[in-house]
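Labels A, B, C and D are assigned to the chains in the order they are written; within every chain, residues are numbered from 1.
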Amino acid sequence: MLEVSGLRKVYDSHGRRVEAIGDLTFTVPDGSLTCVVGPSGCGKTTLLRCIAGLLQPTAGEVRVQGSLVSGPPAGLAVVFQEYGRSLFHWLRVRENVELPLKAARMPKSRRGELVADALDAVGLADAHSAYPWQLSGGMQQRVAIARAIAYQPKVLLMDEPFAAVDAQTRADLEDLIREVWRRLGVTLLFVTHDIDEAVYLGERVIVLSASPTRVADDLPIDLPDLRDQLTTRADPRFTELRGRVYAQIQKAKAERTPT
Amino acid sequence: MNRTVLGLLGLVTFGGLLEVAPRVGLVPAQYAPPSSRIAAALAEQARQPQFWAALGDTVQTWLTGLAIAVAAGLAVGVLLGAVPMLWSVTATTVEFLRPIPSVALIPLVVVLYGSTIRATVVLVVYAAFWQVLLQVLHGVADVDPVARDTARVYRLGRWARLRYLVWPSALPYVVTGVRLAASVALILAVTGSLIVGSPGLGKEIEVARQSGAAPAVYALVVVTGLLGVVANVATRAIERRVLAWHTAVRTEVGA
Amino acid sequence: MRRPLVALFTAAALLTATACSSSGGEKPAAGQPDNVNAGVIAIVDVAPIYLGKQQGFFSKRNINLTLTTAQGGAAIVPAVVSGQYQFGFSNSISLLLAAEKGLPLKVVCNGNNSTGKDGEDFAGLFVKADSPIKSPKDLVGKTVAANTLKNIVEVSVRASVKKDGGDPAGVKFAELPFPDQLPALQAGRVDAIFVVEPFQAAAVAAGAKKIASSYVDAGPNLTVAMYFTSQQLESSNPDLVKRFTEAMKESLAYADSHPDDVRAVLGTYTQISADVRAKLTLPKWPAEVDTASVQTLADLAQSYGLLTKPANLTDLLP
Amino acid sequence: MTFVRRIILAVALPITLLGLWWFASEGSTNYLWPPLSRILTAFGDTWTAERLRADVVPSLTRLAAGYGLAVIAGIALGVLIGGAPRVRAFTEPVLEFMRAIPPPVLVPIIMLVLGLGDTMKIVVIASGCVWPILLNTVEGVRGRDEVLDDTCRTYGIRGGLRVRHLVLRAASPQILTGARQALSIAIILMVISELFAAENGLGFTVMQFSRGFQIPEMWSGVFLLGLIGVALAAVYRLVEAWLLRWYHGQRLSRREW
């Protein structure tokens, strides 16, 4: 269970105050897949960094599995948007995935199994000894996902992980995420600015308003559990849900304009 | 704000250490005078025209050498970078000459030129030239392949390519090269003066040493350090300005 | 194809050209004073030339003298040969070494001599006050600091050892600049030091014990250093060399008889403080080269292996 | 370009230059510019195995010791300072000042404190080399990617593992740049430390030749110094290529994109 209550974050630098997050409260039940979507610049990344314990909120609190977050909590993994920057370029793919397990002092044989399984799951079984920069962008992001999988987190946070990959790769990766989530039973919070992606992936979509950010809408996605790029996206219900989210976001943008 | 205060605090602590260490006998005060005596010696130096002449000589050696090195480095670098054939012919020679330490030339310039400014200028030029040349070569090689193709598609002439393609891409490297060369050149200007005995701060240090005047030695060393700091700050400021302009132009073009 | 080379060669040629153009003073326009560059070392020994310049001994002979201090004989000799300086100052052994290598040098006049008085010379061999070394012969197997190896200090110290009845070949030398010798002695890093003024004064003040005046031991009235020019200038402009020599001799005589002026002029080109200047022992400045003492030095240098063959003094000395 | 052609191109200029020098200097009577043939003869006569053992080996040993000391101290201090913004702010002006002092002017001062032995020379080399390594390490450590920093924090990568796999590796291109600058300085200081006070060593021997007006021998010493510089630069390039293979590969792959 992931609980965000009364979260508020104000940046204060050089005498200028920027209120990134106004007041956010929501909970994400165990094992669910929740997408957070909002207009660009609405503090999505700030929210994610607060949940991950990388940023101290100004007010309010975040609880993961019931315990208050003050630093990066155990059992929580993050896949960052900048795959090119979140991988260790000097380590091979295998070593990249293995490093967090090493830090957790896991025995070597167990590490080997987890790494092999994770790379297998993301379809990189034959890229073990490549360096990240020898791979395409999509494959690099797969490495980052494999690292998160091998880490066996209870909660997985993803910060616009597909923002920088091409459309076809993105579709593949979206399906990969659904599959991984179903297999691991992990609690997944997926942040994106892409409405289609949010609706296609999520069991539930939280729409954020423009900053200072609040929850503008929180709607369950009642699409069939087994999703497919062709049929799901052609589903009239998909179009309807997408339309609703789109309208919310447009509204959020319009509200911001006068200020 | 905070940074400046901490930095000043650091300097004060450093000065304090230098003051206390000889006074409590950690180092012999005779050879390592406390900082107050160094400061007094510095004030004494500042009253002597000889000191200012030496400072002037060092700055002159430095700037003359730097100017020659930059001009030669630029000319040779652009030429070698622009004509691949030339580079393949000269590469081994450059790779051999470059790592030859400039001090290897000290006995040579002493024998050839004696203890003159010219001897030190040769050392300065030699050391600084490679810094510039290498950066220019990197810069010329770093032209964006897409931009290069674009220039070729639009059939830009050799001069236009140099002016609008090679030069702007190489500029940041050139500026970095000049900055690196400036600090190397200053080190060599002082070192040369010290070892070769050509007019300048280095020679004043040696004269003070030969006269057994330890505080004056330290005072002059402090001056060389300050000169170096000033040179670093100045070249970095120039670099920032030139490169700020450069990136500004780039983003404009890119947008 | 060869353009960068051409550029480099042009640059080199330009440098060389400017190098040549600066060697003035050889053929001045009529009535103009000769511009003369002399290379000296910023030590007590060269006080007469500074004093002579101050007193106008050079200008009244139509010489516009510029004094340039250099690192040492190793730098001054080549510069005189290549015409950077018209005249130079160097110690006698360096000049003998250079002459042996065939460098075209010509001594014009004396530089400075030891005082000739044992115990009261301007240079000396010192040990620590509590050192077991009582006299030079105890130095066998010990290390002595010398400002330059294989040079006049080495020859003179070995002469002291020999005179005291020790084996001169048994002394070891470590190269150490004068300013660093006293600290090294006090720290026990060397067993003895050989220093000249003002470091002799500092050694005395620090309680070090003088066991020999090696310049005196090497030979009576030892000619420690000399002023010289290139054989080329001597043949192309004998008049200038003659005038310089005369001015120099006048300067030497003046310095020898006006020690207070010497102590004053020291303050202009060294950083020696006034109280030290007042106390230090000055060398002797006879005008004429003591040929016999140079011959003695040459013989000593040969016997200690610095010179490989007997020196030809007639070509070198005036 | 064929292999043979490349070889010819590579050696053509050096051979031409040497040939020009050889013929231009042959029969030279100017003692400052002895004939190349005499310099080469002097090289063979001077740098015998005995000479190499007695003078070159001690020099290179001191160089290695001083340089090694500087690398270890520079990286260790650099990681400490670069990782703590307040420490950095506190030390920065002092470090900038120390770096700006031309290393050779410190030789007399270090000599006052440490005397004349090998320790002094090693410390002289180390004290000059340490600044570029230290300051580049600070820059490299400071300039590491914050995304990687966040990655380490979320995945619980801490302590030694973090220093080894994140801090040092991320800073390694910068550290190696510093190490390259330091190498040049090390050679310079190896020679200079021997000019002031020494009993053996390459710089000492070359200076003795210069003082004794043994010009061909001096030239041969200059040659040897040059050769050592070239050899050390080659070793550095090998080490760098191996340590930074990821970095060069990454840059290459970026250019292709």
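Just so it is clear, a residue touches a chain if its C-beta (ideal position, glycine included) is under 8 Å from a C-beta of that chain, and two chains touch if they have at least 3 such contacts.
Remember, predicted model here, so these are calculated numbers, not experimental data.
Undergrad: Counting contact pairs per chain pair, which pair wins?
TA: Chains B-D share more contact pairs than any other pair.
Undergrad: In terms of CA centroid distance, which chain is the most far removed from subunit B?
TA: Most remote chain from subunit B, centroid-wise, comes out as A.
Undergrad: List the centre-to-centre spacing of subunit C and subunit D in whole Å, with centres computed as mean CA coordinates.
TA: Their C-alpha centroids are separated by 36 Å.
Undergrad: Subunit A to subunit C: how many Å between their CA centres?
TA: That pair's centroid distance is 81 Å.
Undergrad: Indicate the whole-number Å distance between the mean C-alpha point of subunit B and the mean C-alpha point of subunit D.
TA: Once rounded, the distance between the two centres reads 17 Å.
Undergrad: Could you work out how far the Cα centre of subunit A sits from that of subunit B, in whole Å?
TA: That pair's centroid distance is 49 Å.
Undergrad: Among all residues of subunit B, which ones touch two or more of the remaining chains?
TA: 28, 31, 89-90, 110-112, 195, 209
Undergrad: Which positions in subunit D are in touch with at least two other chains?
TA: Residues 32, 108, 112, 207, 210, 215 of subunit D each touch two or more of the other chains.
Undergrad: If you connect every pair of chains that touch, what shape comes out? Choose line, ring, star, complete or other.
TA: It is other, because the touches fit no line, ring, star or complete pattern.
Undergrad: Can you name every chain pair that touches?
TA: Chain-chain contacts present: A-D, B-C, B-D, C-D.
Undergrad: Taking the touch rule as given, give the residues of subunit D at its contact with subunit C in the complex, in rising order.
TA: Going through subunit D, the ones touching subunit C are 31-32, 108, 111-112, 115-117, 196-199, 204, 207-208, 210-215.
Undergrad: Under the stated contact criterion, what part of subunit D meets subunit B in this complex?
TA: So the residues of subunit D touching subunit B come out as 1, 6, 9-14, 17, 32, 86, 89-94, 96-106, 108-109, 112-113, 184, 187-188, 191-192, 195, 203, 206-207, 209-210, 215, 218-219, 221-222, 225-226, 229-230, 232-233, 255.
Undergrad: Using the touch rule from the top, collect the residues of subunit D that touch subunit A in their complex.
TA: Residue list for subunit D touching subunit A: 145, 147-148, 150-151, 153-158, 161-162, 165-166, 169, 172, 246-247, 249-250, 253-254.
Undergrad: For the complex, which residues does subunit B have touching subunit D?
TA: Spelled out, the residues of subunit B in touch with subunit D are 2-3, 6-11, 13-14, 27-28, 31-32, 88-93, 95-108, 110-112, 145, 183, 186-188, 190-191, 194-195, 202, 205, 209, 214, 217-218, 220-221, 224-229, 231-232.
Undergrad: In their shared complex, at which residues does subunit A touch subunit D?
TA: Those residues of subunit A that touch subunit D are 49, 52-54, 71-72, 74, 76-78, 80, 82, 85-86, 88-91, 99-100, 102-104, 131, 133-134, 147, 151.
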